[in-house]
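Next, two complexes with chain A in common: one pairs it with chain B, the other with chain C.
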Partner chain A sequence: MSAILKLDDVSVALRRGKARAMPILDHLSLEVSAGKMLALVGESGSGKTIATLATMRLLPRGAKITGRIMLGETDLLTLDEPAMRRVRGRDIGMIFQNPLSALNPTTRIGAQINEAYRTHTGHSDRAARARTLELLGEVGIPDPAARFDDYPHQFSGGMRQRVMIAMALACSPKLLIADEPTTGLDPLVAKQILALLTRLRRTHNMGVLFITHDLSVVEEYADDVHVLYAGRTVEAGTAADFFAAPRHPYSQALLGAIPRLGQARLLSIPGTLPDPEQRPSGCRFAPRCAWAEPACAESYPAPQSLGGTTAACRLIAHIPPFVASTNVAAGQGRQSHAAGTLLEVENLTVRYARTNTSLISSLFGTAPKFTALDNVSFTLGKGECLGIVGESGSGKSTLGRAILQMVGYDGRIILDGEDFTALRGAALRRLRMSVQVVFQDPRESLNPRLRIGDSVAEPLKFMGKSSAARRQAAAGLLERVGLSARLLDVYPHTISGGQAQRVAIARALAAEPRMIVLDEPTSSLDVSTQAMLLNLLKDLAKERGLSYILISHDLAAVSYMADRIAVLNGGKCLEIGPSVALLANPSHDYTKKLVDASPQLRPSTGSLQISQSIQSRQAS
Partner chain B sequence: MSANLDILPVAGRSPTGLLARGMNAVGDNMAMSLGILLAVFVVLFSFAGGLVYHVDPYAIHGDAIFQPPSAAHLLGTDQIGRDEMARLIAGGKSTLIVSLPAALLTIIVGAIYGMAAALGPGWFDKSLMRVLDAILALPGIVILIFFAALIPLNNLSLILLLGLTSWPGLARIIRNEAIAQRNRDFVMATRQMGASTWYIARVHLLRVMAPILVVNGTLLVGDSILALSGLSFLGLGVQPPYPSWGGLLQSGLDLIELNPYWLIIPAGFLVFASMLSASLIGNALVAGWGGRR
Partner chain C sequence: MVRLIITRLSTSIVSLIILITLVFFMVHATPGGPAYSILGVKATAKAIAAMNLKLGLAVPLPRQYAVWWWHLLQGRLGYSYQVNQPVALLIRVYMLNTLALYLSAIVLGTILSIIVGLIQGVYYDRLAGRIIGGLQLIFYALPSFFVGTILILIFAVQFRWFPTGGISDLRIENPGIFVYISHLTLPVLTVAIVSIAGLSRYFGQTVREELTKEYVRTAAAKGVAFPRILFGHVLRNALRPLVTILGLSFPYIFAGSIVVESVFSYPGLGWLLWQSALGQDYPVISAIVLLIGVLTILGNLLADIVNGLLDPRERFD
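This part shows the complex of A and B:
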């Protein structure tokens, strides 16, 4: 087993404006072996993307990089640009998070893969075509010859990622860098992509450097795990050792933040990631660590090996190790609420006109329609959280939008005895107000040109409150969602995604709703931020008797939040039932597949006990 | 590249250093100050110039025909011996008094028309856009000439004429932009709170579209000055012997072989200064409102 890629004490500093060079990544050392997958794990701001850019020598202008990056026997840092260009694509392949923006939309995919191959080999067009067809077959594109001349938009997200992988493999690289390749994908598709990468690295004996923020993604597939926090390694080891017994408090916290079946409460990490300018001189995690002692702040702790992994923590011997156990809380505390019904949805059907209809057929109303939602009925209790799961295209977002009265529908939606379809004008507006919404992309859900205080106070304006009262209420709401009232006067672009999502929640609360539709509220956020938000939402529901409809493709998050789960596929509701029972005993094949694609739902890991031990620590 | 270069800006802080931020603030203020300075100069020159410089812009000085600048005539005289400085002052007054309100009228009409099309029902949008196509199909100057030939020409009619004929281009920009913005999540969230369409147009769409309005608005001031000059050149705008900047520039250009720099440079500078000041003020306003699109 030989190392294909070896990073040796690599540090990167970037220039920010006219300021001095800012250290972003410090003393990173890691090894990727042939045929193995190393998962480089960290949240946004940890430096993991900078590490891959450094490896590809694609850092922004003015970046300073020290150390050695060995690809086989070559130190990439000593190569000149033409030599480096030959390395990129030929020796190192790379795939990205968003395959749609990584593929040229105006060029046929066959030609794009050909190009990757011919650039480095100088082979003829014909040879390239044969190679491309072989690659497309290898990555699992059905009927490659027929798809060769298709454009990227004719492929689904998962298929596009396969095309990207085929392109990266064109020159049989020794190393594949995969930067969050499954993050935007449905769990079923993500699972297929991971399985494909696993198969390919074995057959090609290729090393894979897999970048992700979500430990649960790599649990089953990685050989080695390397965790970064604020630009430094906190823990590294084999995946088997790491997942059996993570040592570093940050690793434990990351695992504890992943929603798992039957978990009573997610572990959230207090505080926020330090700015690169303000990183503590000692252990960088110390300010947020439950075990931190004054000595932790003195110098960066030396890595120590214990139980198979190497962790940079002084107190490694004192921190309780990972205890494997079964999930004790499963099946507890999940009774349906007897407080009465809030929302009744009866025979809800939504049809959209297809976009490419002729003018005449649209004039006469004969245009073919696409049924996004087909005869769905369910009820939502007061204070209940109903999870809606399904893949993209299953109709789950349409369901949310119909409940919000944002799309036209057939059937009836009744909120607390009042039928939306029977109301018009002001009465309809008033009833709509009691159903609020939190969207997926926190930046899109706030007007970028409105101060945060004005956004939050907007519903109060329609209630006729005075401007002083509005400001006071907005400050109170911000504090309730854990933000400082100082944010009232800033614009959305100055705050983080997690903070913006809290602002969106505060705004929804300002309307004094009876229920909130949560449309993928945490999908674009880091795991620890997600944990914080889910806990907050849970508390708010209890405190205010709110009902939720939680729409998500993340079955784990849904299982943590929801009392009942409805599974949607192709616009139809396949099954609906209490979360624990439904996940333990899925009656439908499709539900089984979804559950299988969420490894964290298996009642095998003991993260529950970790989080309890840290929580008791945080409380004391 | 994945969106992970987001690691650079961190919550609650501007990505640039203190120094750079300071420079930006000063830079914005300098642009704003220069814009205001130019605007004050142009307006004072045009409206108060006559109080200081007592020369009749229509008087023909037979002894000084086509003279370069001198003590008697600060900016020289034109080919029939009229004082150029006095004519620039008078021309500024007649130009600004028509083109500024005309540009404002264009923006208002264009914004209302575009927003109405974007936010109204589908059939309404379609009808408004077909009307727009019909207007755009005709060259603007033809429409201008047609109406200018029909109605009596004075300041008010010229404002209405220019303002009511040049909005279609802007209306189309506004409509397309409003359609792109109207289904953004924050607009949907506001609707959910019971906001009316009028409120959404006024508070949300107008704000996110402010940069487009300002940039187009500043261009419109220039267009409007130009259109007025064009009409004047055809004898349908500011009527001779009354001067306008466009007309003065035009007559200077007619004599270009004789190198009449005093008839070209000052008039050109005034047009340039008014457009530059509109653009500087506009951009500084957008920056001052804060936030991003």
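This part shows the complex of A and C:
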């Protein structure tokens, strides 16, 4: 087994403006072998993307890299720019998280792939075209010749990522760097991309450096795992050893934060990631670690090997390994809501006009329409959480918007006996206030020009409260969602994504709603932040008797939160039923496929149970 | 693409109808009505009634409106009160002059703005970028009459390379092309210099933003060299917003034309508008306002179509 890429004690410091260079990544050593996949795992701020950009030497001006980055026999850090350019694209291919923005929107995909090939081979356009068609076929794009002249926006998310892969493979590189290539994709599509990458690396004997923040994604596909925290390696080992018994408290916490079917409570990591300026000198995880001792903060713990993996933790020998056990039963106690029905949705149908129709046809109502939601009916109990799952285009977001009265619809939506369509004026406004919403991108849903306190207090204005009372209420709400009242006077751009999402929840609560529509509330967040938010939402529901409609493509998160699940596909509701029963015995083929694409839900891997000791330690 | 054009065209036609209606009412809303302007404040009521009859203003408003449309469709814009010539003829002569001036100024200004903006966008944090940024601020603050006067002082008075004034005296005979160009040079330079400051700054900002986009990183990761990334990928994407801005800036350019044309006593639309405004020559004023409106709508339509050519996402559903 030969190493293709070898990072040896690599450190990176970035300069921000005129300030002194800030260390971002420290002492990273790893090896990617031919035909193998190494998963480099870490949350935002861990330095994982910096590591890949350092390998490609694509860091911003003023960055300082030390150590050695060996590609075969060459140290990439010794190459000059023209030599490095020959490495990029020819020896190392790279794909990125969001293929829509990673591809040039105004250039045909065929030309973009051609370019990758021609840059390094100098072949003619015609030879490049033949190669491009071959590549498109290899990555599974149907009818390559017909799609050659299409633009990126004409492809679906998954197909776009295939185009990216074809481009990265143009010169048959020895190494492929994949930076979160499946994040944001529907689970079914993500699974296909992972399967494709696996097939390609085997047939081309190509090494893959796979960057991700979500351990569950790589569980089945990676050969090796390398976990980063705050710019340093915390644990590394083969995937088999790692998933059987992760040792480092951070690795364990990261796994415990992934929602799994029937899990009673997610493990969330208290505190937040330290800023690069303020990283602790000792173990960087110490301020958040349940096992920390005073000695941990003194010096960085030396890596120790135990049970297959190597972990940088002083107490490795004392920390019990993760206990894996199936725990489906725990979830079955829920769903005993006899409190009655809150929301009734009857024969809900939504039709949209197609975009870009001419003024004339929209004036005369002759524009073609398509049906986003087709005759959907369900009920939502008081205090119940109903999960809506489905892929993009299934109509799940439209469903949320219809309930929020943001789109026109046919059918009836009845909240606690009151029909939205029958009400007008003040009565309608009051009813609308009792349904609130939390969207996926918290920063976009917060007005950047409003202070956080004003954003939260906004709904209270309509309720006619004085400004002092509003401020006090806003402070109370912030506190309830786990934020300090100091945030009242800051603007949204200064806070993190997780904090912004808490603010959005606080704002939704301010209106004293009876139910909240959660539209992909955690999709843009790190795993541990997601865990905190889901736990918070669960507590709030219990405390205030809130009902939720949780819309998500993440079946695992839904299975953790929801009492019942409805599966949407092509605007139709395929099935609806209690979460555990539905996921354990899906009656519909489509549901089966969805469940299959979510590794956390498969009984074969078992639902990992967080070691009770961490939880009890955290509690104390 | 055809669909895009049809959509935009239908919107443009609606805007046109609204514009024409507005201009109609604008003329009728003048204090005392047009007859007053022609006959002066001392006119008797009888004289005004007679004039109204002659101008077709005595019939009910809806009928006048219909007549207004009927005449417009035939290209009849009425007679100038001041020079007693058909408005259409006046406009044609002056418009050609204006188009010659502004089209060459826009072409020159845009090309220079693209070059300056590219340099600024790439070297925004280097000395070159800072110097360009500073110059832009200075030029942006300079009013066009000032730039025009300075140019006249340097190139016409000091060096005597170009004539100081306009070609108003030449417009009847047929001036040779070189005479024409030499008269055009300084006004064109003035308009170009004044527009470059804003346009290049805007374009530089766009280039700088485009360079941080992910597709640029993708191209770099393919091993593409920087010049090719800049000209093969970034330029086209950065041009789209510039085209939109150009389309939108049509009316401002015409507003500015009043000043530049009077500095150079250049017989263009701006100059004519100014003269007509002084003489309360409503038929000419409304024709020019109408024309500027039409050109603005056309400018936007053109910008949309060019953008459709540049950006495939605009072209499809």
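Basically, the second predicted complex is superposed on the first by the 602 of 620 C-alpha atoms of A that agree within 3 Å, B and C clash if a C-alpha of one lies under 4 Å from a C-alpha of the other, contacts with A are read in each partner's own complex, and residues count from 1 in each chain.
Quick note on the criterion: contacts are C-beta pairs under 8 Å (C-beta built on N, C-alpha and C of every residue); 3 or more make two chains touch, one makes a residue touch a chain.
Every value quoted in this text rests on a predicted model; they were computed, and no experiment measured them.
Upon superposition of the two complexes on chain A, a steric clash is found between chain B and chain C. In the superposed model, A:Arg88 lies in contact with chain C only, and not with chain B. When the two complexes are overlaid on their common chain A, residue A:Ser496 makes contact with chain B while staying clear of chain C.
Contacts of A:Pro276 after superposition on the shared chain: chain B is touched, whereas chain C is not.
Of the two partner chains, neither chain B nor chain C is touched by A:His318. Put simply, more of the residues of chain A are touched by B, taking chain B and chain C as the two choices. Touch criterion met: A:Phe96 reaches chain B and chain C at once. Once chain A of one complex is fitted onto chain A of the other, the partner contacts of A:Asp441 are limited to chain B, with no touch recorded for chain C.
Counting contacts as defined above, chain A residues 96, 98 meet chain B in one complex and chain C in the other. Touching chain A in their complex are the following residues of chain B: 1-8, 10-17, 19-20, 184-186, 188-195, 203-204, 207-208, 210, 289-293.
Contact residues of chain A toward chain C in the complex are 56, 58, 85-90, 93-94, 96, 98, 101-108, 115-116, 119-120, 151, 153-154, 164, 167, 170, 354-360. Those residues of chain A that touch chain B in the complex are listed here as 14, 16-19, 24, 44-50, 96-98, 179-180, 183, 272-273, 275-276, 404, 406, 429-430, 432-433, 435-437, 439, 441, 444-451, 455, 458-459, 462, 490-496, 499, 504, 507-508, 511. Remark: chain C residues 3-4, 6-7, 10-11, 14, 213-215, 217-225, 232-233, 236-237, 240, 310-313, 316-317 touch chain A in the complex.
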